[in-house]
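Below are two complexes that have subunit A in common, paired first with subunit B and then with subunit C.
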Partner chain A sequence: MRSQGLVQGLLAVAAAGSVAVTVLIFGFMIVLGLPLVTSGTFFNLFTSSWLPNEGLYGIVPMMAGSLFIAGLAMIFSFPLSLGCAALVAVLAKGRVPALLHRLVRFMTGIPTVVYGFAGIFLLVPVVREWTGSGSGMCILSASLLLAILIAPTMILFFTDSFTGVPKSYLAAADALGATPVQKFLHVVIPCSWRGLTTGVLLALGRAVGDTLIALMIAGNATAFPGSLLDSARTLPAHIALVVAADFDSLEFRTLFACGILLYAFTTLTVVLTRRMVADKGGAP
Partner chain B sequence: MTRIGRSLYGRISISILTLLLIGVAPAVADDLSPFAGQAGTIKISGGTAHIPVMKAAAKQIMQRFSDVRITIAGGGSGVGIKQVGEGLVDIGNSGRKPTDEEITKYDLKMFKWAIDGVGLVVNPKNTVASLTTAQTKAIFAGSIHNWKAVGGADKAINLYTRDTASGTRSVFWKKALGKGEISAKANVVVSNGAMKAAVANDPYAIGYVSVGHMDESVQPVALDGVTPTLETVKSGEYKIARGLYSNTKGEPTGLTKTFIDFLFSETGQGLAAAKGFIPVK
Partner chain C sequence: MKARCCDKLVTAWAWLSGLVLTASVATLLGFLLTKGAGTLSPALFFGDTVPLDALLLKRQVFEGIFPATVGTLLLVGLAVGMAVPVGIATGIYMAEFAAPRTKAVFGLFFDILAGIPSILVGLFGFSAAIFLHHHFSGQITPCLLISALSLAFLVLPYLIRTTQTTLENLPRHVRMTAPALGASKLQTIFYVLLPQSLSGIVSGIILSIGRCAEDTAVIMLTGVVATAGIPASLLSGYEALPFYIYTVSAQYADQAELMRGYGAAIVLLAVCALLFALTAFIRHRLADHLLYGAR
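Moving on, here comes the complex of A and B:
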C-alpha cells in the first residue's frame, strides 16, 4: 500500500504543477499587460487600426482574422472528420478502416511547417488562379489547410467514441432490422455525444492557437478582412510578427492583451462545452 | 586518346594540383588558421539578408575544425539586436545600423562587413521593368492598385512587405518610400527568402529584397531609371543601400572575435562578394 501512496503523491504533485503553470502564465500576462490599462491604451486595442507608428494598437482585425480562419476551418473539417470516423469505426468493411486509421495517425505526426510549405507552393497558386483575384494568400487558403491539420484530432476522438458504443446496443439495433446507416445515425451518434464534443473542442483549440499555417498562408495584412479572399492576420501570427519589437515599447505590451484574449477564448470554449455536455446529459 | 595526349592531360592536372596546393591552400590556411585549437559554439541570429554568407562561412569553418559549432537563425534585424543584447546569442546580425538607444542600452559593438542594396522586385512574367519614386510610394500606400496604371496588365497589384523587425523594411521605408505609408492590406512575409518565394510564385506581386538575394526567380525593377544591381549599388548610383552589420555585446572575445575577424579576412570578404554583397575592404 505504501507504493500506492507514493504514486498518488507523485501524480498529485504533477497535477498541481500543471495547474500552477497554467495559472502562473495567466498571472504573468495580466501583470505584464497591466501598463496598458494604467496608461489608458487598453480600450485603444479595440479599435480597428494597427498603426504602431501613430500610436494606434487596434487588434480587432486580428481577432476577426482568427475567428474567421478557425471558424471556416471547423466548417470544412467537421463533416470530413465525421465521415472519415464513421467509415473507420462503423461503415467500412475489410482492410479500408485499418489503413485509414493508420493514415490518420500518421497525419498527426506531420509537422505544421510541412503543411505550410506545401500550401505555399501547391494551394496558394491554385486558389489565386481559381478565384482570379488577390494573391492567393488569404483566409480561404489558410482555413482549407488548417482544416487538414485539425482533421486527425477530430477523427481519432470520433473513432474512439464510436467504437466505444456498447455492443449490446448495436445488437439490439440489428435485431430491429436497422441498416448500418440507420444504426450509425440513431444509435452510434447519440451515444457518442461526449467524444464528439471533446474532439471538436480540441480541434477548435488547435485551430485558434495554430501560428505557422496562418503566418505562412494567410498573408498577414493588418487591414480588417472584407472577404474570404482577403489577406488576414491571426492573433498568434500577430504575436509572432510583433514579438521582435522593443521589450519596453507599448507595441510589445499589447501582445499580452492578445495573449489574454486567446487564453480567455479557450477558457470560454471549454466552460461552454462542459456545460453543454452536462445539459444534454449525454450517455458515457 | 594517344599516349602524348594522355601524358599532357596528366601533366596539366598535376600542374593544376600544384597550383592549388601552393596558391590557394596557404591563403585558406591563413584566414582559417586562427580557429585552430579553439572549441565551442557560436550562436548567430537576426538579419535574414546575412544568412547566405553566415552559412558559407560556418561551412568552411566547421568542415576544417570539428570542435567549432556554429548555429545560425533568422528572425530579422530587430530580433538579432535584441537577442545579442539579452545575451541569448553571441552575434546578432542587423541589416540596419542599430539605433543610438540600442547601442547604449545593450553596449553594442558594431561590425559592418558588407554593403547591400534593397531593390523592388516583381515576378519575371511581369512586363513592368521600371517605376518612379512617386509611383512606388503610391503603390505601397495602396492608391495605385492596378498594374495598368503603371503600364502593366489589367490586374490588381499584390503588395508584399516585411514585418516590423526587418532591417530590409526599415531601409526601404526610409530611403525609397520616404517614411511614407505602407498599406494595411499588404501581405507580410518574414524573411528575404520568403519574400523571394512569394514574389516568384505570384505573377502580380511586387515586393522588395536585398540585392544579394536577387536571382532569376524574380525580376528587379528600376527605380527612377536605375536598376538595383551589384554594380549600381557599388558605384553609388542606386541609392537605397545599407550596411550589413554583425553586432556583439561589448568587445567580442574568443571564438566570436575569431569569427568576426574571419568575416573581414580576404576569404570572408570573398564570401560576401560571392553571395552578391559589396565587401567593405
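Moving on, here comes the complex of A and C:
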C-alpha cells in the first residue's frame, strides 16, 4: 500500500510540474512585460507605428497583419474544408472518402517549413506574375498557403462531427426520400454545428499562432498594410524578427506585449472550444 | 426542379473542394520532388568530405546537410527523452488518480499549453536562457539544451493527452478483470492497463517526435545557428534541418546552396512521412493484444 502512495505522489508531481510549465510561460511574459506598463509606454504600443530608431514601438501594423492574413486564410479555407468534409463523410462513395481522409491525415504531418519553402519558389512567383507588380510576397500569397496549412484541422474535426450524427436521424431522412445532399444540408449540418464551431476555432488559433508561413511569404514590412497585395508582418513573425535585439531594451520588452496578446487570444479560443465540447453532453 | 439544381451545385462544390485540396498539395510536393530529386545523393549530406570521416567526426562537413541532420537527431532525442517520462506520468495521473475537479482544472491548463503558439514557447526559452545567464551561470546562452527543453514543453500536452485518452477509452471489462482477481490498483495499471494502451501511447510519442523534428519557430529563438558543425556540448549552438531550409529560402548564396535547400526539404518531408506511416501501421496492424501477448 505504501508503494501505491509513493507512485501516486510521483505521478502527481509530474502532473503539477506540467501545470507549472503553463503558468511559468505566462508568468515570464507578464513579469518581463511589466516594465512597459510602469514606464507608460504600454498604451503607445496601440497608437503609434513601428519606428524603433525614433523610439516608436507601435505594434498595430502587426496586429492588422495577423488579422488580415489569418482572416483571409479562414475565408479561403472554410468553404474548402467544409466541401472536403462533406465529400469524405456524406457525399462520396467507394474509395474516394478513405483516400481523401488519408491524404488529409498525412497533411497534418507535413512540416510547415516545407510548405513555406515550396511556397516561396512556386506560389510567390505565380502571384507576382499574376498581379504584375511588387515582389509577390504579400498578404494574398501568405493567406493562400496558410489556408492549405490549416485545412486539415478543420476537415478532420468536421468529418468527425459529421460521422457522429446518429444513424437513426439519417435513416429517418432516407425514409422520407431525401437525397444525399438534402440529408447533408438539413440533417447533418444542423446536428453538427458544435463540431463545426470547434473546428473553426481550433483552425483560427492555428492560423493566428503560425509563424513560419507569414515570416517566409508575407514580406515582413512594418507599415500598415493597405491592400491584399501589400507586404505585411504578423505578430509571431515580428517576435521572431526582433528577438535578436538587446535584452534590456524597450524594443525587446514590447515583444512581451505581442506575446501576451497572442497568449490571450489562443487561451480564449481554447476556453470557447472547451465550452463547446462540454455543452455537447447536455444537448440531445 | 429547384431542389435538383441545388443538389447538383452542392455536389459539384464538394468535389471541387476535394480536387482543389488534392491538387494544391500534389503541386506543392510535386514541385519540391521534381526540382530536388536530383540532389539526393551522399554528396547532399557530406559535400566533399569522405562520408566515413564525417560519420566518425574526424573532419567537419561544410557543403552538406550532415551537421544539420545530426543536430536535428540530437535535438529530437533530447526533447522527446525529457518530455516522455513527464508526459506519460501526467497522463496516467490524469486518467487513473486525479479527482474530477483536479482533472477539469489541470485539463484546462494542458489544453491552453497545447494551444500556445510555438513562437511563444521559443520566446519563453530565450528569456529563460538570458535570465539564467544573468542570475546563475555566464555559460548559459541559447543552446542545444535550452532548445530541447523548450521543445519538450511544446510536445508535453500531446503526450499527456494521448496517454490519458487511450487509458480512459479502454473497455470496461479490461479495467474490471484484474481487480476482480485481487490485483492492487498499481498492479492493474502497470500489468494490464498500460500494456493494453501501448499502441496509443507509442503513437503519441511518434507524433511528438515529428513535431520536434519539424518545428522551426521554437528553435530559431533558442539557439539554432546557420553554421555550427556538430555541437560540442549541450551548451553550444547547433544546426537543424528545418532552420537550414528556412535560411536557404531567405538567403542562398549560389545555385548549389539552393539545391541543397531542396534536398533538405525532401529529407525532412521523408522523415515526417515515415513517422506518419509508422503511426498508421501501429494503429492498424499492431493490435494491442499482439503487443501484450509478446511479453
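Here, the second predicted complex is superposed on the first by the 246 of 284 C-alpha atoms of A that agree within 3 Å, B and C clash if a C-alpha of one lies under 4 Å from a C-alpha of the other, contacts with A are read in each partner's own complex, and residues count from 1 in each chain.
We adopt the following convention: a residue touches a chain if its C-beta (ideal position, glycine included) is under 8 Å from a C-beta of that chain, and two chains touch if they have at least 3 such contacts.
Every value quoted in this text rests on a predicted model; they were computed, and no experiment measured them.
Q: Is A:L149 contacted by the first partner subunit B, the second partner subunit C, both or neither?
A: The answer is neither, since A:L149 touches no partner chain.
Q: Could you say whether A:P111 touches subunit B, subunit C, both of them, or neither, answering first, second, both or neither?
A: In the superposition, A:P111 contacts subunit C only.
Q: On the A-aligned overlay, A:P52 touches which partner chain: subunit B = first, subunit C = second, or both, or neither?
A: It touches subunit B, and subunit C stays clear.
Q: If we overlay the two complexes on their shared chain A, which of subunit B and subunit C does A:R233 touch? Say first, second, both or neither.
A: Touch partner of A:R233: subunit B, not subunit C.
Q: Between subunit B and subunit C, whom does A:G219 touch in the aligned arrangement: first, second, both, or neither?
A: Once the two structures are laid over each other on A, A:G219 reaches subunit B alone.
Q: Now for A:T267: first (subunit B), second (subunit C), both, or neither, which partner does it touch?
A: A:T267: touches subunit C, not subunit B.
Q: Looking at A:L36, would you say it contacts subunit B, subunit C, both, or neither? Reply first, second, both or neither.
A: The answer is neither, since A:L36 touches no partner chain.
Q: For A:F121, decide between first (touching subunit B), second (touching subunit C), both and neither.
A: In the superposition, A:F121 contacts both subunit B and subunit C.
Q: In the superposed model, does subunit B or subunit C contact more residues of subunit A?
A: Counting residues of subunit A touched by each partner, the higher count goes to C.
Q: Enumerate the residues of subunit A that count as touching subunit B in its complex and touching subunit C in the other.
A: After superposing on chain A, subunit A residues 120-121, 247 contact both subunit B and subunit C.
Q: State the interface residues of subunit A toward subunit C in the complex, per the touch definition above.
A: Interface residues on the subunit A side: 1, 3-4, 7-8, 10-12, 14-15, 17-19, 21-25, 28-29, 32, 79-84, 86-87, 91-92, 96, 100, 103-107, 109-123, 148, 151, 155, 179-182, 184-185, 205, 208-212, 216, 236, 239-240, 243, 247, 255-256, 259, 262-263, 266-267, 269-271, 273-274.
Q: Any idea which subunit B residues touch subunit A in the complex?
A: Against subunit A, subunit B makes touches at 75-76, 78-79, 82, 156, 158, 160, 163-165, 183-190, 197-198, 201-202, 204-205.
Q: In the complex of these two chains, what residues of subunit A are touching subunit B?
A: Subunit A residues touching subunit B: 49-52, 61, 120-121, 124-125, 128, 133-137, 215, 219-223, 230-231, 233, 241-242, 244-247, 251.
Q: List the residues on subunit C that touch subunit A in their complex, please.
A: 3, 6-7, 10-11, 13-18, 20-22, 24-25, 27-29, 31-32, 35, 85-87, 89-90, 92-94, 97-98, 106, 108-124, 126-128, 130-131, 153, 156-157, 160, 184-186, 210, 213-214, 216-217, 220-221, 242, 245-246, 248-250, 261-262, 265, 268-269, 272-273, 275-276, 280
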